[in-house]
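The next part holds the structures, each set out as structure tokens.
Same chain, two partners: chain A is paired with chain B first, then with chain C.
Right, the complex of A and B next:
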């Protein structure tokens, strides 16, 4: 293989895809401003940028979902105009969406069939789906309906669906955000294999280490413009982040914290799920002191959602003392009663669960803050105070928005996440349960959120972080426990835990049983 | 025996328009469009259906006139809700009011005119089998058509790719758009199908049930069809159960009233609604988890460009 051109292609070869001055304008706002890139076969090309840098817009242009305002795309040297995604797929462009393009009430096989353009019979699709999912180690049951599946499983559908199109150019938008390290490794192996097969891959990620490890080239976007093209392997994570953000990202500092009274205790919690396909919680116990951050790792769909529902009060527990908040048996208490005890909860799903999408930020603040004193007086809403709370959240967490009090749905994913986390943190809770605090959030914002969690713990709050991002857990937690098939492992001291150990626990094996039990005592 | 046969025959006749109208609305709603104008489209179908038959003497022409009338009305609805992204509920209600008014105008010329109703099937030997023969082999064409229609719709929705795409549009129009499906065009076609069915169901009334047109003769059947779709959880099989159950209880309570049962007649008249709701709710409860409600139902979709 020649080393003279990127990716070792022969010098006379043309790039598979080339964008020249690609521009997308909304009114006066330039979502993409004259972007030049080249995508070569046999290359994994990273697309880096903060939330709102224009990555999604660029990808939508390439996939035919949006039409450029100016500039052009060339496919193997010929001008390419795409009227829609079907035309992109016909050329061999496949896409794995970040906000999944799945249909909740349809089965896995039906969802896959909708992404294929051929005249394949439904039976053949199911068979090929099994085949592809086995081949690439992404297990899926074609007959399940999507609403029953976890976020991680949903993503598998997206990936398998794209792979089944046999694409020459595959776009992946944040594919590893919900995978275990082992699953991510498997995916990387798949991507390496696809690359070796001569395909081109455009890889969007916030995880700079991953990009460094996997990608051959990187295009970095900032506020709609391309700021750099570089070879990530030659850069450091810090230098990549600097190019993305334009400024240095702060290192997280861990504060010293003294252990205090247990503020959140779960005693042998058994819970049969309402949904027949849900996960049964089996003898889950944990104890969380003030000033402590406990991480809960695990692959999506192993009972984290069920545990979150039981802790937050969305699902009541029969034995009231199975959940104890601030020394009070809370298993049978309502969500509001638990909030009055000083607990706060941040669910995984930002829109629909964490916020009411069509309501204003002030209304959404009130929805979780009404139990605390201040916002409601004698049954009347104190609008000024609620708005002031919105302003405080906005300021402390750098929530970017067009107006003072817009609808929740109008915020970008990362900004809404900052808002949802900030809303609970600023209530200064005694116990905070937070699920996927930085999912889909850019590196800069993730740092802000993690620092806020650390600061909160330093102030004496007990923090439970449920996350699929092991790096995050290792960075901020004191202890980590792993959820598998509804059982919670004993917790390991984060400082002593290795990724391998955690990865094995996430897969259901128990490495060094005695050691683990020992570590939990500590 | 004679009485039982007579009751079953009248149940079939009473249920057929409900089944046809509800089948059309089921397809419309499965694509994500909530058209509350069924009553208006039905009454227009009744007026135009009678008009067509009265002028030409042909039942088929009448039925086609009814279908076209319903479809034209649904096109007005589609222009407003799909083209101009107006609220579907408000537009549907307006459509019903509009249809009732317009049908009065169109039908004014034929009020009181009688026509010969649709002929019933007659196969010499099977139809004359004493009990059951007339029920199975002695119906008018609409009854057989309505059953063929629901079977075809079920096959279309669950066995064809186009049906899958239609359900996908109703479930999540953003995703369907992201995958490159023409959401608005699919919804337009589904809405027109719903309109044609409602028009046909309306035409059934003067062409096969009562052989003349009077204003307001649909008497709320369009609303019942709408309710049936919801209570049947948007499932074709359950729609058949619901439509026939409703028809059966409405006929039976009439006979019961006639026989002089000492229950207030108002309560008896409410029975069909009550029975249908109870049975269909019980069926929905029996289904384990999940919702079959098209998630995008009634929401306006504007593709971003």
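Right, the complex of A and C next:
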């Protein structure tokens, strides 16, 4: 520890945090190149940039997870050197990560306790956890084990944990990507309140509307350099996007599609979860024709994971005709058999579920590709064909990577997501079920993925998109149904649906809708 | 200055190759210290251990003979470990294989049974080893019992069972009450490769096992399945692979190989069933598997190296009166360093400066 933290300096006289020429070098690659920023108390500061622009690196430097190669940071005008995150926390810097750092087998309270540096008793922590989560409207059951929680609930733990450290400076990495509009509004209220309490907030997001609405200042990064500091309220979403990517982002276009035969049908699916805390699927029905995109909205943890598992065959269904793929009863078929019927699946979690993180892209191509003929003959893997498939995915979906066949975990989130979606789309599926297609992905990659889904549907594929991002669903789907407590609402035509209507359905009410099928609620 | 471990973005291939060598170097350094404390000249002792056995033909053959069971068992263990199934009981599967094979040898003793005896012994040993290994595997899959504990405990069951047989029903009536069966008939013996030598057919089988495992893991969908199940179970299920099935299959294969190694040892170099047929091959093979980076070819090299420590240890006992236990200490230290050095593959060392104002990192 090199400098002293003065207690009595006047507020707002100098920035809370200042970076001067901050640089991080990996070999010859400059992840951050001479970045100057100032972060003031009572301010929400946006950090914008595409994937790979250097946002995560900058944040890790500020949080002490990485050490800079050159340049310096000043905390209230004094040089600050951080050997690790504990020192950052000691100064009052808190962080909510995009990828959660939680122990699956521990409870919510235990996870929070582990993240705190003090010597507080476990009982006090649990009590304070309840208090903070109530105060800020972030409901959490301290006794639940993390593995049973949805992504949205896991994020709440991270936010509450950071707030319990009473930070003077809070960093949030893409916090709204898993929230409903209403939940996001609640979060914004929390952030406004934190700001009013005199704290500084660094807000990383790719949702430009949010940034415009919430943030006072924005620092925009591109390829490791700062390209601008601006006031987002004075900019348009278009001008912000231009600064981020350097070019105009192209509009997604929807081709007109003719409806065809149903390719995916779910008939009154009831499913008791394996996990006692899971959600029970209750009389879920849907029908999806070729060329159609159906959106499934809903707050995380309302049965979407269970439905995805039932559709993919990771969880088998006793009544085989509860799930019909291409006219064939598939409820009792394995995921491999369903792939052979022409179905493809993209799970929500790209690391560990959609891919094996520490295996190469070629292995990860084989992961789902082995079901179709071509890659495997008589039990032997045709390595050349698998590599050729990797090249095709890379080229078609602009997957940026250092080598021809790197490990999945070495790709940035957006690039890996393009790979995972591209891998399934290039199988040319008749039915595609995709969960959170653009979670934590930058605007450029999200556009590529959404356009690919539209093109696939235009080619006659039935596409089911499970997403918590309403904007995304409204942008690309033909119909939207909402999942709540394991039940699926009747679908609404996207063109006719209002945000308010959908938001209410996500909260469990049925706004002015005669929903006879679900009238008798269990 | 402060030393930190930093996670690598990707596993380093160079580190994967260097890590076993670093482990061996660190082991040798620690051993030198230990030998010096025992009052021996470390340099002279290490030469007796690691150089002398390589200089004469007899010792070289003996190394291959010792490496045969080690390599055969370790190849099976590697399959288990890659699938994240922790078979620690190869020693027990080895002994049960030896017992099951010996049963045929004992029952046909003195009859005019033909050349079917040895193949039947090998087959029954492999089947018995596989079945014995399936006990902990089924316990794991059906009841969630820790296979580490159950497979280890079954080693002692196998040891006592063998002990009972050679002291009781199978004891050689002409054996002066020693706990051993009679010498096996020629048709129940693994043939040597060169007349008058010690190297036997088992060495060829071990090489075949290495080749088969290399093809399985490197080229086939089944091998891919095993690797995915171990590396990312949820992704494996998404791929349509059943982790439970992978545990059962790898345990069975590993048990079969261990059982085969057991009967080959008994019907080959030893020639009869007795207690103490294994100087801990099943446990040493765990070291071999990890030192060989769970790679079949690596295991072949590591098996020869560990066999060298057995032979060197015997010679050091004769030439320098160094206790044989030192060899076991050596093997233990080696496993310790191998596992420690593995972190180099996923992490790298970095010095970070704590001095104020200087923000230059070394990364």
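As a convention for this text, the second predicted complex is superposed on the first by the 500 of 522 C-alpha atoms of A that agree within 3 Å, B and C clash if a C-alpha of one lies under 4 Å from a C-alpha of the other, contacts with A are read in each partner's own complex, and residues count from 1 in each chain.
Assume contacts are C-beta pairs under 8 Å (C-beta built on N, C-alpha and C of every residue); 3 or more make two chains touch, one makes a residue touch a chain.
This is a predicted model, so every value here is computed, not measured.
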{"item": "Superposition on chain A - do chain B and chain C clash or fit", "value": "clash"}
{"item": "Which superposed partner A:148 touches (first chain B, second chain C, both, neither)", "value": "first"}
{"item": "Touch count on chain A, higher of chain B and chain C", "value": "C"}
{"item": "Which superposed partner A:67 touches (first chain B, second chain C, both, neither)", "value": "both"}
{"item": "Chain B versus chain C as contact partner of A:113, first or second or both or neither", "value": "first"}
{"item": "Which superposed partner A:410 touches (first chain B, second chain C, both, neither)", "value": "second"}
{"item": "First, second, both or neither for A:380, with chain B first and chain C second", "value": "second"}
{"item": "Contacts of A:275 with chain B and chain C, given as first, second, both or neither", "value": "first"}
{"item": "Which superposed partner A:363 touches (first chain B, second chain C, both, neither)", "value": "second"}
{"item": "Among 24-32, 42-50 or 78-86 on chain B, the segment whose C-alpha atoms clash with chain C after superposition", "value": "78-86"}
{"item": "Chain A residues contacted in one complex by chain B, in the other by chain C", "value": "67, 84"}
{"item": "Complex contact set, residues of chain B against chain A", "value": "161, 164-165, 167-168, 171-172, 174-181, 288-292, 294-295, 304-305"}
{"item": "Contact footprint of chain B on chain A as seen in their complex", "value": "64-67, 84-86, 88-89, 97, 100-106, 110, 113-115, 145, 147-148, 274-277"}
{"item": "Chain A contact footprint on chain C (complex, rising order)", "value": "2, 4, 9-11, 219-222, 224, 227-228, 231-232, 234-240, 352-357, 359-361, 363"}
{"item": "Touch list for chain A against partner chain C, complex", "value": "2-3, 25-26, 67-72, 79, 81, 83-84, 312-314, 334-336, 339, 345, 347, 349, 352-359, 363, 366-368, 370-371, 376, 379-381, 383, 406-407, 409-410"}
